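My structure is below; once you've seen it, I'll send some questions.
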Amino acid sequence: MRHFVIVSILTAAMTYVIYVGLTSLGLMPVHASTQATSIDWLWDWQMRAMSFLFALIVAPMSYALVVFHRRKGETGEGQHFEGNYNLEIAWTVLPLFAVFAFAYMGAYSLGEVRRLDPNAMVIRVHAVQWNWTFEYPDYGFSSDVLHLPINRQIRLLMESTDVIHSFWVPEFRVKQDLVPGRVTELLITPDRLGAYRVRCAELCGISHSYMEDDVLVEETADFEEWALEQQAIAIEASKTPEGRGRILAATYCLGCHSITSTQLSGVAAPVWLGLFGKTETLQDGSSVVVDEAYLIESILNPLARIVHGFTPNMPQTFANTLSADQINDIIAFIKTLK
Amino acid sequence: MGGALFVTLMRWLLPIALPTVFSPMPLFDTQFFFREPAWLFGGLMGVLCFVWYHGVMDDWYQWARGIDTPEHHEDKPGIEKYFGPSLDHKVIGIQYTVTALALLVIGGTFALIFRTELAASRLQFLTLEFRLFEQNGLQLYNSLMSLHGMIMIVSILLGVAAMMNYLVPLLIGAHDMAFPRLNAFSFWVAPPAAILLVSALILGGFDTGWTGYPPLSAKAPLGIDMFFLGVFTAGWSSILGSLNLIATTLRMRAKGMTAFRMPIFVWASIATSLIALTATQLIGLSFQLVAFQRVLHMGFFDPDKGGNPVLFQHLFWFYSHPAVYVFILPGLGIVSELLPVFARKPLFGYKWIAMSSLAIALVGFVVWAHHMFTSGMNEYLRVPFMYSTLLVAIPTGVKFFSWVATIWGGKIDTPTPMLFVLGAIVVFLLGGITGPPNATVSVDLHLHDTYYVVGHFHDTLFGGFVFPFFAALYFWFPKATGKRMNETLGKIHFWLMTPAFLTLSFGMMRIGLLGMRRRIADYDPALGFDNMHLVLTISGFLIALSILIFFYNLVISIKRGEPATGNLWNSRSPEWQVVSPMPAHNYDVPFEVVGEPYDYGLAGSKYIEFITPKKK
Amino acid sequence: MHHTQDKSSALGQGVIIFVFLGALTLLEYFIAVAVNNTPLLIVVAIVKAALVLYYYMHIGSLNDDDHGAGHESYAYKTGTDRLGLWLFLLSDAFVFLGLGVARFNLLGLTRPELAQLFGLFVTNVLLISSFSMNRAETLMAHGDTKGFMNWSLITMILGLGFFVGVVVIEWHTIPAIAEPVLILFGEHAGFVPLTASGTAMGAIFFMMTGMHAFHVLTGLALLQVVRSKAGKGYYSAEKHWGVEAATIYWHFVDVVWIFFYPALYLIGKLV
């Protein structure tokens, strides 16, 4: 009997120490959305349960190891008991309750995370290897930085054109894959100002590590100002081929290609500055003057001619995703980069 | 012997090599539409030719011609029998063990390489300029990481087969497995499968992770075909091995060994085999469909053709979730088997533990979609899968509680095998309790594809397989060789590996919660994970060091270990009642089961009695 | 085998079961044409499969009590082999199960456009081959090697016929042969056949029929091996496990088709 009392105290103490110790470390990143609230609430209960269960097994086990350890020179066998029906029932049925409780809490918290606000603002998210674009249909422009107004629910409608990606901002907690061929949805209500980053959470090829973009949560007024400004720029740009080309390039190409003189970190793709008209050395040693035909070929069939010093990593899907007009616009844009 | 090995290797390589030699195209471009099928077909033929030339199928060929051959060849004495197609389950068990350990080293070495890159943010080692096998650093990271995952998993499958093959016939008193030739075949497809897996690295690699999700895998370099083929053939090994095991246990038990008098490990093996027998087909099918999509342009997972990428995930996880229970059930069986021996007490709640293995296996079939909570599958499926997933906690809990009750009040002794058993309990407990947070959907939306999950599964895999496997090796090494392993080195191995591993897994979970994604070669320095990653890398190397010590111990013990021919651990199990090393055809005198297997501490009780010839 | 039965009643049972199966197949076809009720079609398929499993594949013989015989006896060994074979079939069934799941996931309640009567025709060819195989086995079980050789030859011819029907004709592999035959079976001229690389529908159709055809081929190979051994007088009424194994496997291939036929031809609407 004395053993059991000691073990109970040990278990309780151990649970407490583990729980308090771990939670005081700050296990989660700051929380910046209302969805995070219910997730963190459930996580906290999970922490309690984990601390308790760990202690529940390890405390009696360690105690037994010390108390019932064979002393030096001791012989003989342990006590002979083969089981105890009541105990066995108990440790089958009690965890059953715990399981149902957690499943219920999980379902409840999922409901909170998925509750749609009718006033939500729709933003369309397009992912391609390895680039995010955010389209604001209410304003009619796209951006590669995600600006969000605080305290308003955002309904992200997300599409991918090549492989599976996954939208994740750790501070918002929630995560959702983008699957080619369907539109997936994610609800986020930012409730903390600040700069975060969206990080692609599904392996999507070589540069998956670098598929990140800025996310800014702003006061509503700041957001409005920015959005209207972008709207004006977009209207202006859509009047010229270069302008349209720049928007398209931002969506599809500038995740890898740089338009300044320095290469982007992480992805090795040729720099576009001064590309048009320059003489490019190819992998097989021959060289080519970059003209329109070559550019079109490079976009539609990137494997046809590989630039010296680069791996053939460019997506081969643009023939499906881009129309001839769009390609001409992009080329017009490339021509402006002198 | 080296010559023989070379010849067999060449025989295997030639069918693959020929299409390449005759193909006019450069080796590593991605437009290999008429070469890729050649590689796939060549690889498959390579496996078959290897097995054929190795003589594994000779008996079957003779059977087809109407010539009967004996089911038991006499093996050559000495080490040579381990290189040929022996039909003896003990030899095959050891062949499996060695292959599994070799793969553990290969997969572990891959981990050490990519961990080195992860030690600090930005790329230092696997850089963009770095080139190996036509891959730059980033691509190589992906290939190594993906292969690390799958090679480790295949290593586990072989390790599990090793334990079941070596132990089950001994534990049930059979002279061999039910189908010795099939057994040899199951083993001999594994080495070519392993070679295929590793060849993926050389043939352009692939960047999909071990899960190989399309559409990414449908676009990956040629390496992915070798990966698919390797897993596919390793699957045969698993399927046929488990078929054999079930038939063996159902048909070849010793007299008097009723269901609830079987050693507990046998129950675990049955549960494992039920999963491996059936579910394995689905991973084979899912990979086959992607391979066909690649070479024949069939649009199963191609949305442009009306295919569905999420379908792949369902097919894949229908195997790959239950598979995790394939990895652990035998390991937990080892824990249940050894605890009574070292606690000198009966196994607490034997029947409950036996049934819990079956329950885990059966419930394990209906939880697969918990890997897909964020995948965009039908939303209403998430909640039922959460419930079913959490249910697995109950039979697993039964095991833990029974283990604690087993050692309570014992006379516990802690030599090396017992240390590993205790380590297994603690580490697997950590892995187990970090499972339910993944299973509750909303929390998983945060945890999915982070290092938290990576931490979770290294805990379960180490606790459920690696630790028990080492326990089994230390425990049955004397049975197989008649020598003891060195205790001191064994203890050093344990006390080095355990803390290093705990650091590794805790560290993984910690950064995972804070936002460290899986499967990235480079992470944002702004996250501030550099220090922790350095610690993780060091822990990884310490684990490797401890395993190196284990290998050293293994080698010196085989050469000049202390002889141990008797019942070293004072166990009640039948295999310890006869001399070590085990005689060629197991029990010269058959035995009969007359009592309970784990009645330690009950004076005068007996588990088995040898049937004296005159009684027969 | 069931030596309790005399030869003629054993053969008679095979006929009765065959009549049932044939009737159910026709029923199935008319259900599809008249009401297209999916649950009903599934029920019919399950009944058919159960009949084959029980009467043609003797699933009950797994329970045969051979414990009296020693572990080394032929009877005990055959029992073990039988268990092994059934476990293998269980495992193999999961491949087809997976394909079935894929079919319903990708196509839902739609189906490809195929020549209905031709489908019914090949299905019946396979069904008759099951009947002839049952007859061959029953004869072997009564020691009639010659009868076995004849009926298993018929089985192989029918099996080959099925294989050609699917792989050459239904797949339009050789249009010059396929088109006239299919038009004979009521397909309209100018019909655009499915292709494997076209749509997911074509892909899954080719995958399911292809995987099944592969099993038909292995079944034929197995039969050929057993026949060549039987020709050398290798089997007897008491010892003919090889024959039993080939038979069970052959019926298994039929059982798979019992489900694939409605899944591809009958269930769902045309798109």
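Note that the chains take the letters A, B and C in the order they are written out, and that residue 1 is the start of every chain.
One rule holds for everything that comes next: a contact is a pair of C-beta atoms (placed from the backbone, for glycine too) under 8 Å apart; a residue touches a chain by one contact, two chains touch by 3 or more.
Since we're looking at a predicted model, the values are computed, not measured.
S.K.: Should the pattern of chain-chain touching be classed as line, ring, star, complete or other?
M.R.: Graph shape, chains as nodes and touching pairs as edges: a line.
S.K.: Closest chain to the overall C-alpha centroid, by per-chain C-alpha centroid: which is it?
M.R.: B
S.K.: Averaged over CA atoms, how far is the centre of chain A from the centre of chain C? Could you give it in whole Å?
M.R.: 49
S.K.: Counting in whole Å, what is the centre-to-centre distance of chain B and chain C, each centre being its mean C-alpha position?
M.R.: 36
S.K.: Which integer distance in Å separates the CA centroid of chain A from that of chain B?
M.R.: Those two chain centres are 31 Å apart.
S.K.: Specify, in ascending order, the residues of chain B that touch 2 or more different other chains.
M.R.: 307-308 - these are the residues of chain B that touch more than one other chain.
S.K.: Residues of chain B touching chain A in their complex?
M.R.: 29-31, 123, 128, 135-136, 138-139, 142, 207-209, 213, 215-216, 219, 303-304, 307-310, 343-352, 374-376, 379, 382-383, 386-387, 390-391, 393-394, 397-398, 400-405, 407-414, 422, 425-426, 429-430, 433-434, 436-437, 439-443, 445-446, 448-450, 510, 513-515, 517-524, 596, 598-602
S.K.: With touch defined as at the start, can you tell me which chain C residues reach chain B in the complex?
M.R.: 71, 76, 79-80, 83-84, 87-88, 90-92, 94-95, 98-99, 101-102, 105-106, 196-204, 206-207, 225, 228-229, 232, 234
S.K.: Hey, which residues of chain A end up touching chain B in the complex?
M.R.: Interface residues on chain A, with respect to chain B: 25, 27-29, 38-39, 42-43, 46, 49-50, 53-54, 57-58, 60-61, 64-65, 68-70, 74, 76-84, 87-88, 91-92, 95-96, 98-99, 102-103, 105-107, 109-110, 112-114, 162-164, 166, 168, 170, 173-182, 184, 197, 199-210, 212, 266, 268, 303, 311-312, 316, 320.
S.K.: Which bits of chain B are touching chain C when the two form their complex?
M.R.: Chain B reaches chain C through residues 64, 66, 178-179, 182, 239, 243-244, 246-247, 250-252, 277-282, 284-286, 289, 292-293, 296-300, 302, 305-308, 311, 314-315, 318.
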